[in-house]
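Both complexes shown next keep chain A, but they swap its partner, so chain B is in the first and chain C is in the second.
What follows is the complex of A and B.
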C-alpha cells in the first residue's frame, strides 16, 4: 500500500495536511509508529512529518508552569537545565526510557499520543498535573492528561488534531519516578511517579501528594483516592505503606507475558510506598526542586 | 612443555572481524541472485487439525506467482534422526506454524498477497500440549505412525508404538534400588526447564537456485553436509548435483542444524525455474523455527552422612513438540545427566514425547542445561540438609583423574577441581556479605561428540608460500576460522596473516559433520593440524631434494626452510613452491579425524571401560542481590571457569565464555516461550526477553589448562558449557538469601515472590 510522506514547513501547513489526509498520521520520532507499520498493525495513507515544525519545539517557563513542545526528544528533556532545575522527576523518567537510540529519537508528544501501557512519561506528566495543548486547523483546546488518556493505546486526540505542547505545573515540590521492568530498556511492568508538595505551615507534612501510575493497568492513571487520603499527612513508613495498599486497589491491573495482574497489583503497593518515601526524603532534604 | 608456540595461545584478531563490525559481511539475508523471486510460507493457524481442502487457484491466478503445496512436492518424509516431517503438511497439521503451502513472487508483498488468497479448510482435532499429557494413555496422537529412524540412530531407537512416545532410553549401572535403600538420606525432587529460543541475531535465510540438473543452495547453516545429504535424498538427486554453500552465519546455537527454509526454497525454485530467496520474520522464528527441548527432570539421590553420593535415579521427560529433533538432547542425557559426579549405582531414563507445538531441537548445551539445573540445585539442598558447605560437598564428590564416570569412560585430563576452586575464590565464597546478597555455585560437564563426529581438512600451499585451509565446518560467529588459521600457521611456520581459509561449501571443501556440540576446535582442529603437518612434510620433501639435505634435518621457521644441522641454510617457502609448481607437483596436505566412544545405551558399549578423549568440564559462580519484596534479582558478578585443555586464542575463549554466560543469564532469569493452547503468545523481542547490555553483570572468564593429549595442541571445546550452570547457581544464591527453592525456570521476579509467599504460608505466617 502507498504511503505518502508530507513535510510541512510550519504548524499551519501541518494542520492543513492533518485535515486533508484523513487516513494520515503525524510522525514524530517514529519509534513507535514505524514499528507498528512494520508489524502491519496500522497502514496510514500518509505520514505528516512534524520534525520541521518549529512551533512544536522548545521548553518555556511561564508564570503558571512550564510548557514543553511536543517534539522534544527524551534526550532533550534530560539535557534541559530548566527541567532539571524545576522538575527533576521528568528528566529522571526520560532517562529511564529504553536505550540511548530510542531516547535520541522518541519524543514526549509521541510517547503521550502513543499511550502504550508501561511508557514512562505518562505517569510523571499525570503527577505533574500535565495538560495536553491540542490544535486543529480552525481552533485549539486543552485537555487535562487524565482525560487525554482514554484507553488502551487510545487518547482523546481527534483525527485532525496535533498535540502541540504539554503544559505542566510549576511545582514547588519533590518528585520521584520508580520503574520496575524486566530489563532496564523495557516498558514498565509498573512505573510509579510521586510528586509531593510540602505543607509550608507544618514542616514534615505534605500539603498534597500526587501519584501517577503506569504499566500496571491498560491506561495510565492518577491514584486519586490515595492522593485524597494523603492530604496533610506526614509521610512516614506507616502512612506510605497504607498509601501503597490503597493505591493497589485503585488500579485495574491486567496480565500479559511479562507479569500477571496479581503481581502487578502487589508491585503497585510496593512501588507507591517506595516512591512516596523517596519523595518525602527528598522534600526533607532540600525542601523542593526534586532530583 | 612450557609454551614455545608462536601463534597458538596468542590473542590473534579474527580475520573476519573487520567485515563483521563494518557491516560488509555477507550473511544469509544479504545473498541475492539475478532474477530471483521471494518465497513466503503459509502456516497453520491451528495446533492440530485435519486439512479438509486447500484451494490455491485464486493465488495461482496472480501474475508472476508460483504457488505450491503438498501435491507439488515429493511425497517423502525427512529428518536427521527421525523422518517425521514433510515439506508441507499432508492430511493434517501438527502445530500452529506448520507449513501448509508456499508462494514465490517478484517481491515479498506479492508473495504475501498470494498466500492471503489460499483457502484452507481445517477441522480442528483434540491436541496435547505438554509431555505429561502426551504420554498419557489414550492421548490424541500427534503422529499416527512413529518413524522411521535414519539408519545411524536405528541401533538405539526405542519408540512406543501407538503412543506419542517417540523414544525411550535408559542407562542402568549397579543396583540403584539397593543403594538407595542403604543410603542415610534420600532426596527426591522434580525440576522443570522451560522452552527457550536460540535468538540468533540473523534469521534463517536461504536462496535456492535450480539450473538444469544443478541445485545450489546458499544458506546459513551449522551443518552443510548433513543438509546436502538430506536435500539430495528428498529431491532424489545425487549429492554431486546438490551444492550447499554456507553464508556467514549470524549465530546458530543449535537452531541452524536441521533444515528449515531449504526444502521449501528448493521446491519453489524447481517450480518457478527462478532462484528463490526466503528470509524468516522474527515472529516466524519464534513460532515456527524451533526452540530448545524443554524437560521435566526428577532426581532421586541417596547420600551418606559424610556427604558421599551413594546412588542416583534420574528421570527425564522431554517435550519435543511436533517433530523429534529433541532426540539428540534426550539421548545425551544418558551420558551427561548425572553431571561430573562419582556415583556408582546409577539409573538414567529419558522419555521423548510428541506434542502439538513447535518442535524442540538442540540448543547450546544439548540437554545438559536441563539436567544440570536439577542436579546442581539438588546438590545445594543436600548440602543444607547435611549441614555441609556446598563447595565442600562438591569437592568431595566431583570426578577426579582416573575415576570411572557415569558411562564407564575413564576420566583423564580433568581440571574440574581447579575450575571449582578458582570460581569460588573469584566470587569470594565464604566471605562476609550483606543479607540480601547470595552466592551460588555449579559444576558441569559435557561428553564429547563421538557419534559420527568426523572431520576432514586440506591445507594447500600457494605459489607465494602462503597457505590455504579448506574445511567443511561452519563459521557461525564463534571464531572457528581464526583458530583453524592459527593451528595451520603454527605447524607451517607461517605468520597467521599468511593463512587463508575457506569453509562449508559442499562442492569445494572436504567433509565435516558440522558445527555443533563444541566439537570443531577438537575434531576439525585435529584434521587441520594433521593436514598442515602433511603439507609441511611434503614441502620439506621438495626442499630436501633441492638442497640435498635429509628431510629429518630440515624444519620450518618464519616462512623458511631451515636446518639446525646446517645453520647457513636458508630457503624461502616461495623458492620451494616455485620448484614444486614448476618441476614437481602442488603441495596439498590432507587430514582426517574421527571421534571415538559410544552411547551407554548401545549394546556393545555396556559396561565397557574405555578412555574417550574430549570431555569438557567447567564451574560457575554467581553473586546476586535479591529484593525480597519484588522478587527482582540483580546478578552482580559471575565467574566462569572452563577446563579448555589449552586456550588456543584467549580472546576467542573469553568471547565464548562471556557470550555463553549472558545466554545462560537469559535462560535463568527471563526466557521462556509462552503458550496459549499451543500457540506462542510472546513471539517478539518486546515480549520474549533476552538480557540487554544494561543488565549484564561483571563477568570473570577463567581458562584452566589441563592439556588433552589427543586435542590440537592440547585443546578441548569451549562453545557450550558457559550457558549451563548460571541457572542453578542463581537458584542457589536465591535460596541462600530467601530460603526458598525454585524448581522451575526461568527465575523471574513474580515466581520468586510466589515462592516467598507460599513459604510464608507454609510456616503459618
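What follows is the complex of A and C.
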C-alpha cells in the first residue's frame, strides 16, 4: 500500500489530518522516521508533513522562560543567538547530536517524540524543567517532560496530537551537557546534563542542582534523590563524587551490545561528578552564568 | 503518485514518483544522476550526500517532495561536466579517492562546509565531514585536499 504525503498549510490543517489519518504519522526532519520505514519497523499509511507549519517554528523569550518551536532543527538551535546567550547548554548538546547532515534536518520535536535511548536533547531539556506543549484538534495540554518520556521509544503523545513547542525555564543558572559515546556521532552510552542554580545568599553554594540522565536507562530521567541531596550544597570534589555515586543507584541501567549495565552504572557516577564540577566552575566563573 | 517539480544542478525537471519517494531514489532512478551513491540507506554513511539549498543532507532520508522549490546540487553539478572543478582536482592530486564510493558525498559535504567556513581548521573539517564514512583512505588525504583548497592551492 502506498504511503500518502499530506502537506498541511497551517496547524489547524495538520491537526485535522492527524485526526483523520489514524494510521498516519507526522514527519519532522525525517531522520529517524524514514530510517524506521526503510527498516520496515513501521509502515504508516500517511505522513503528515510538519515542515510548512509556521506555528511550530521560532524561538521566543517569554517572561517565564523560552518557548522553542518543535520544528527547530539542531542546526537552528546551535545558531540561535538567544539560546547561546541564555541557555548555552542546549545548543551545546545540539552540537553533539550525530552528524552535520542529521543536525541540518533533525528537529528538537522529533528528537523528543522519537525518545531514542541515548538521544542528547532529552536529558538537557529535563534539567531545564522542560514542558511539552501538545495540541489536538479540539484542545491542548501541557506535560512536564518527566511525564512525557514514558518508556523505551515511548512518550505520552496521543495518536491525534502534535507536539507544538517545548517550553523551558529561564534558568539564571549554569549548565553543562557531557556525552559519553564510542564515537561522537553515536548515541550516548551515558549523557548527563547538570544545571545548577546559584544560592544568592551564600556564594559558592547551589540553591538547586538539576540532573538529567540519558542513555543509561531505557527512559531519560531526572536524578531526583541526588538533586534533593544537593540542595544548598557547596559543589566541591567530595560532594560531586558522592552525588555521582548516589545518582548511579537511581538509574535502572540495561545492557546492550554497546555497554553492560554495570559499565553504564559506573559511567553515570563518573559523568554526573564531572558535569556537576563543570557546572559549578561555570557558575563561579561568570556570576549569573548561561546554562 | 505525485508529479514533482525539482531543480537539480540548475535545471528544471518534472518527475512522477510515489508521494513519499526519497530524494536518492528520484535522483538515481528517475533522473539517472548516479553520482549520489546508495550505501546504508539509514543516514549513517554519507555516500548519498547532496546539497539542498546549500546544506549537506543525506538524500536517503529526505523526501523528494519536500525539495520542490529548493536548489538541489549533486556531484554532477561540479565543474562543467567535462572539466573537473578545483576541489575535485585537489581530491585527485591528494589521493583522496581510492575505491571512490564515498567521493561524491565527501565532495558535497566539503562544499557545504567551505561555503559556510572558507578557512576551516583541521578540527572543523573533521566536524564538517562527520556524516561521511570512508573505508579506504584513512581520511587524511581527504582532509588534506580540503585544507589545500582553503589555502587557495
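Throughout what follows, the second predicted complex is superposed on the first by the 290 of 291 C-alpha atoms of A that agree within 3 Å, B and C clash if a C-alpha of one lies under 4 Å from a C-alpha of the other, contacts with A are read in each partner's own complex, and residues count from 1 in each chain.
Just so we're on the same page, a contact is a pair of C-beta atoms (placed from the backbone, for glycine too) under 8 Å apart; a residue touches a chain by one contact, two chains touch by 3 or more.
On a predicted model such as this, the values are computed, not experimentally measured, just so you know.
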Classify the contacts of A:185 with the two partner chains as first (chain B alone), second (chain C alone), both, or neither.
-> both
Could you tell me if A:104 is touching chain B, chain C, both of them or neither one (first, second, both, neither)?
-> second
Who does A:279 touch here: chain B (first), chain C (second), both, or neither?
-> neither
Could you tell me if A:4 is touching chain B, chain C, both of them or neither one (first, second, both, neither)?
-> second
Return first, second, both or neither, reflecting whether A:156 touches chain B, chain C, both chains, or no partner chain.
-> neither
Counting only touches as set out at the top, which of chain B and chain C does A:27 meet: first, second, both, neither?
-> second
First (chain B), second (chain C), both or neither touched by A:51 | second
Where does A:257 make contact in the superposed view: on chain B (first), on chain C (second), on both, or on neither?
-> first
The answer to whether chain B or chain C touches more of chain A is C
Residues on chain A touched by both chain B and chain C 99, 184-185
Counting only contacts in the complex, chain A reaches chain B at residues 99, 180, 182-187, 256-260, 263, 266-267, 270
Interface residues, chain A side, partner chain C - complex = 2-5, 7, 27, 30-31, 34-35, 37-39, 47, 49, 51, 75, 98-102, 104-105, 184-185
In their complex, what parts of chain B are in touch with chain A?
-> 629-630, 632, 670, 674, 681-682, 686-689, 691-692, 694-695, 748-750, 753
Contact footprint of chain A on chain C as seen in their complex | 1-2, 18-20, 22, 41-43, 46, 49, 55-58, 60-63, 65-66, 109, 112-113, 127-132
